[in-house]
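Two complexes, one shared chain (subunit A), two partners (subunit B, subunit C).
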Partner chain A sequence: MQLFVRRYGTLIGFVAILVFFSAVLPGTFPTARNWLNITQQVSMLMVVAAGMTIVMVMGDFDLSVGSAASLAGIVAALMMAAGQPIWAAVAVALLVGLLGGAFNGAMVSLVGILPFIATLATMTMFSGLAFVVSGGKTISGRAIPEDFGNFARGGIPLGEWGGVAISLPNLSIIAIVVVLAVWVLLEQTTYGRRLYAIGGNMEAAHLSGIAVKRLRLIAFSLTGLAAAAGGLMYASRVASANPVQGSGLMLNAIAAVFLGTTMSRHGEPRILATVVGVIVLGVLDNGLTQMSVDSYVRQVLVGALILLAVAASSVTQGRR
Partner chain B sequence: MSLNKSALAFAGILLATTVLGTGAALAQAKVAIVTPYMAQPGTQFYVEAFEAVAAENDWEVNVIDTAGDVAAVISRIEDLVVQNVDAIVINVDPTQVTAGLQSAKDAGIPVFGMDAGADPLLVTNVTSNGYAMAAETSTYVADRIKGEGNVVMFVFDAFPPVQVRGVVADAVFGNFPDIKVLDRVTPDVSDGGIADSRAKMEAILAANPEPGSIKAVWAAWDQPALGALQAIEDAGRSGEGIVITGIDANPQAREAIAAGGNFEASVAQDFAGIGATTAEAVARVLAGEEILQSVTYVPTKLVTAANAAE
Partner chain C sequence: MAPSVPLLSATSVTKAYAGVPALSGASLVVAPGEIHALMGENGAGKSTLIKILAGVVAADTAEITVNGERVSIDSTKAAYRLGLRFIHQEFNVVPTLSVAENIFMGRRYPRRAGLLVDWAELNREAQRALDRLGIDHIDPSQNLGALSLGDQMLVRISAALLDDAKLYVMDEPTAALTRDESERLFRVLREIRASGSSVLYVSHRLDEIMALCDKATVLRDGRSIDSGALTNITHDDLVALMIGRKVEEAYPKATAKPRETTVFAASRLATVGLNPVSFSLREGEVLGIAGLSGSGQAELIRSIFGDAKVTAGTMTLSGAPYTPSTPAAAWQSRVAYVPRERRAEGLVMRRPIFENITLAHLKRQSRAGTWLTPNREKRFAAELGANMRLKAVGPAQDVLELSGGNQQKVVFAKAVAGNPRLLLLEEPTRGVDVGAKYDIYSIVRELTAKGAAVILVSSDLPELIGISDRIAVMRQGEITTIVDAAGLREDDLINLCYGRATGMVA
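Coming up: the complex of A and B.
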């Protein structure tokens, strides 16, 4: 019974939220259009949280993802403003994320600094770099090619629903692809199983011949890459880039992964559980806005929810 | 402990939100204000004045603060469009939320800018004339230092309404051959702007120890001016006659100006006027009127020791 509570409490809560909003907002909440909106609204967080899941599987953290996302957006925007093609700007920005992540990985695995401290430092560094290269400016307007902003507004048409044309947003598609890629990586490959082994017991993993240092380095690089992708999606959505715009992603990504961990057997992060965590956060924002709940009360509720979910699972875990 | 504990907890939260959410039902028009900048002192004045006019009109107002997250502004506009509100007011650079504005336009919901920026997707943007305000204080500085000496500028180009102020001050100072802009500082505003401006000013003072080597500090808004004032006073250099100006004339700045120290002038934006004028624009459009000006300017006023106490 307690295991049931631990594993399915959050899921039941999630379903309760959906039922509740559908009952209170029957005309707008459970519509295809609203759900497609939600998938688009959470897409950036989804990508960053998926990347965060990779390092959190090993019991590590990456506090720098928000700054890396901002930096990637700024780098791409500056290149586009300088007349470079969009594909080149995107490629370089992703590379910056990958290298930033690799730097985190090197600090953590090769130098041996605690991830919390190493990524706290790089968080400040990436943020500072974003300010340095942009001069503190928001890059927007004509500096950003229309196609870049239009990408986030586009999608694959799905036909009509209740007289309104709906489409699957491009950003949602990217999020789905990234989640699938991380799912394959973590659940279907030896690499993924080894990350879980490191998360279970790093010493034992090392003694059993797993190249812990190399795997951690790669994991942090992938998290950085995902953060950059999230930052580019954000930049496309707001058709602009400023040096702080990704900063809100970090705490939400960690929150989503934690919410997810309350659904797995031993409290370890699972990518599909992270997906539920992200959607819980997105649905709360969407539904509470539609109910005209004060935005500060909304923040308190979201925080309380995370505490409750994690507390419920850890209390029952302690009793076992 | 047989019943599912976390499900119970979720139920409690949901119950609480029902109570909160149904508090303001049955009003006539639904109007929402979305801003990422609620923590800025000015924003609260707009919103309060807007709400006062809204109360007279018996509107249901939903104020949404995304706490600095611009993409969340788009998300919340999408939610409001799904909810089919009657009008949306934004307080953010409209070019960054085009996706949301477009979905509002497609649904036929009018969007108004409250000190946002002009945009074809907005009915109108109600604001102070930032160019004029910066011209007031930068010419005040130039006149006070008799057109010569080193000036330190505090700017913030990431926020368009503040960025235009810097542009005008650059032009005014550039037009005086003997005025030299010693430094053009962008302070870190995450703590409100005073503390970091103070630290930056302390460093500049340390680098320029000669009395008279800094003639004036021109700040694009009040917080850096206050930070610079603290730095100058603490360095024991308030007797050098360094002229400080800000913009916005917030209560702390007015107090400093009234005290008669180095902080000599600021410009008062009529925040309440902007909020009220925005609400009046919403009322006009809801009544079926068409608004032609893409920008609606609300007058500002230079604040010096003569009128700071008003």
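Coming up: the complex of A and C.
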């Protein structure tokens, strides 16, 4: 029974939330349109949380993903404002994320700074950089090419449902592709296997011939890359960029991974569990907004729910 | 002898974990003033029984009396109040606090004016506690973490001996101790017995038990098989009781002699903590390394395994220069390693058996070195496991759930999986029961028969003599001598380790 609560408590809670919202909001919540909408709302968080899962598999953290997302958005917007083509702006922004992540990885694995400290420092650095290069201003309006903003509004038409045309948003497609890529990486490749070994016992992994330093560096780079992708998606969705727009992503990404860990056997991060974690957060946000619950109250509720889920899974893990 | 009231009696003890019985009606009776051995293979139920007595685990059924009175031990506090003291294998200490603070942890520190801690007095009292074990080389104000594992264990034992309890339960207390330290501990245990208190002594070292203990209780598969005085029983009888079958030999005989071809050679090899050493190993040869702990054995092994920066000298493997810069390079050259601490260094406890085995061989155990092939890995692991009599539900079982001996077999399976040319072993059978020990020695024999060379670092002298062809003695970072193992006596080997003159020609 206890084991059951530990493994499936979060899923049961999720179902309870779905039932509750469907009962309270029968006309607007359980509709295909709303669900497609949710997938779009959570797509940025999904991409960032998928990247976060990679470092958390090794038992590490990256607190800088929010700042990296903002910075990537700003860099792309500035380049587009300077008349560069969209593809170049996107490529450079992704490169900035990759390099920022590699910098984190170098601090953590080569220099040996605790991830918490190292990424706390780079979080401030990336945020500061975003302000410096943008002059603290929001870049929007004519500076952003229409095509860039249109991308987030577009999607693949799925037909009609209840007389309304619905489509799978482009941003959701990107999120799905990223999740699939991370799933393949973590679950199907020797690289993922080695990351899990590092997370389980770094010394044993090292003595088994795993290049711990190099793998950690690569993992942080990938997390940075995903953060930049999330930042670009955000910028496209609001057709503008400002130096703080990614700041909410970091805590939510870590919360989603943690929610996910409550569903795995030994509490290790799993990408598909992270997906559930992200959707739980997204559904809560969506439902509570529709019920016009005040956004501050929403924060309290979401925080309490995370505590509840993690507590339920640790209660049975053994008393100390 | 008049029937006396037992100090501790636990009967009809049963306990199942998730439906799997760990104890099924075990019993244990300890009289006052005796040293009582609790014996059995890993997984026989010793740890569970001790945890029940310590109040850490609740028994499903149990009748426990202390001095004839029925008691229930539902918490560690209850066990403490009943006068039971526990010294565990994995001792709970705080390495960043001083020796004295650790000794007095959970007790009231001596105070000045009832308020400020009187540190000088605390250190003096700690020194008195250490004196009881005849320890004069440990400074009580030193950080505990700075001490060797053996010294930490001694500190832990002195703390448990501080107040006079009725029964001291010791789980493998000598695992990390040198012979001298063990002897000192045994002296104190005999003093305890003389004072009327008792000791419940758990160990895999039969020689110790035969020399130290008065009585023994043998557990097998969660039942007490036998209990009685140790006066009229032989070493072999005890082993047979524990594993339930006769064992003719503790060490399997080598089937072939070492060949002439040299596998590995070190020439004036040196690193920090290792003065230049030279030796060579032939195909099928086992070179034992003896010496007091910290004599440079670890440094030697780590240099050969690419985990320590070699400062001077050269190595060759099958005649070619061998310069591993990382453990990965060592594995690549088919040099395998079984580290000293299987939990901390050898295994990823929360991952399946097969993942642990293939971890060092993923390049070959995958498609194109990239794509995992778990089914193939599982078949491979199951085959290796069956070959070394690994007891597990299947290759997908988590290592965490295995007994110590079977965990060690997984470490060996990982080492053997790459068909090594040179196998480095550090304390390969520490905390492993008799049956699994034999299986592990058989693995070593099988490898040497195929032509692999083995370097065996061990503090278990009978094992060194029983398995090695030659034994190198290390002292203060140097190899002082290399002797033939055949016909070597333990006493001679000890003297060599201490650098004392012996009657034999080395």
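Everything below uses one rule, namely that the second predicted complex is superposed on the first by the 318 of 320 C-alpha atoms of A that agree within 3 Å, B and C clash if a C-alpha of one lies under 4 Å from a C-alpha of the other, contacts with A are read in each partner's own complex, and residues count from 1 in each chain.
Note that in this section a residue touches a chain if its C-beta (ideal position, glycine included) is under 8 Å from a C-beta of that chain, and two chains touch if they have at least 3 such contacts.
Model, not experiment: these values are computed from the prediction.
In the superposed model, A:Val297 lies in contact with subunit B only, and not with subunit C. Comparing subunit C and subunit B on the residues of subunit A they touch gives the larger count to B. Within the superposed three-chain model, A:Thr223 lies out of touch with both subunit B and subunit C [touch as defined at top].
In the superposition on chain A, A:Ser313 makes contact with subunit B only, while subunit C stays out of contact range.
In the superposed model, A:Gln188 makes contact with subunit C only, not with subunit B. Residue contacts after overlaying the shared chain place A:Ser67 against neither subunit B nor subunit C.
Residue overlap on subunit A between its contacts with subunit B in one complex and with subunit C in the other: absent. Subunit B contributes residues 1-2, 4-7, 9-11, 13-14, 16-18, 20-21, 24, 30, 32, 60, 62-72, 74-76, 78-80, 82-84, 93, 95-99, 102, 156-160, 163, 186, 190 to its touches with subunit A in the complex. Listed in rising order, the residues of subunit A touching subunit B in the complex are 1-2, 4-5, 8-10, 12-13, 16-17, 20, 24-25, 28, 31, 33-34, 37, 40-41, 44, 131, 135-138, 140-141, 149, 152-153, 234, 237-240, 242-245, 247-248, 262, 285-286, 288-297, 299, 301, 304-305, 308-309, 312-313, 315-316.
Those residues of subunit C lying in contact with subunit A across their complex are 305, 307, 326-332, 337, 339, 344-351, 355, 359-360, 362-363, 366, 369-372, 398, 414. Residues 187-194, 196-197, 200-201, 203-211, 266, 268 of subunit A touch subunit C in their complex.
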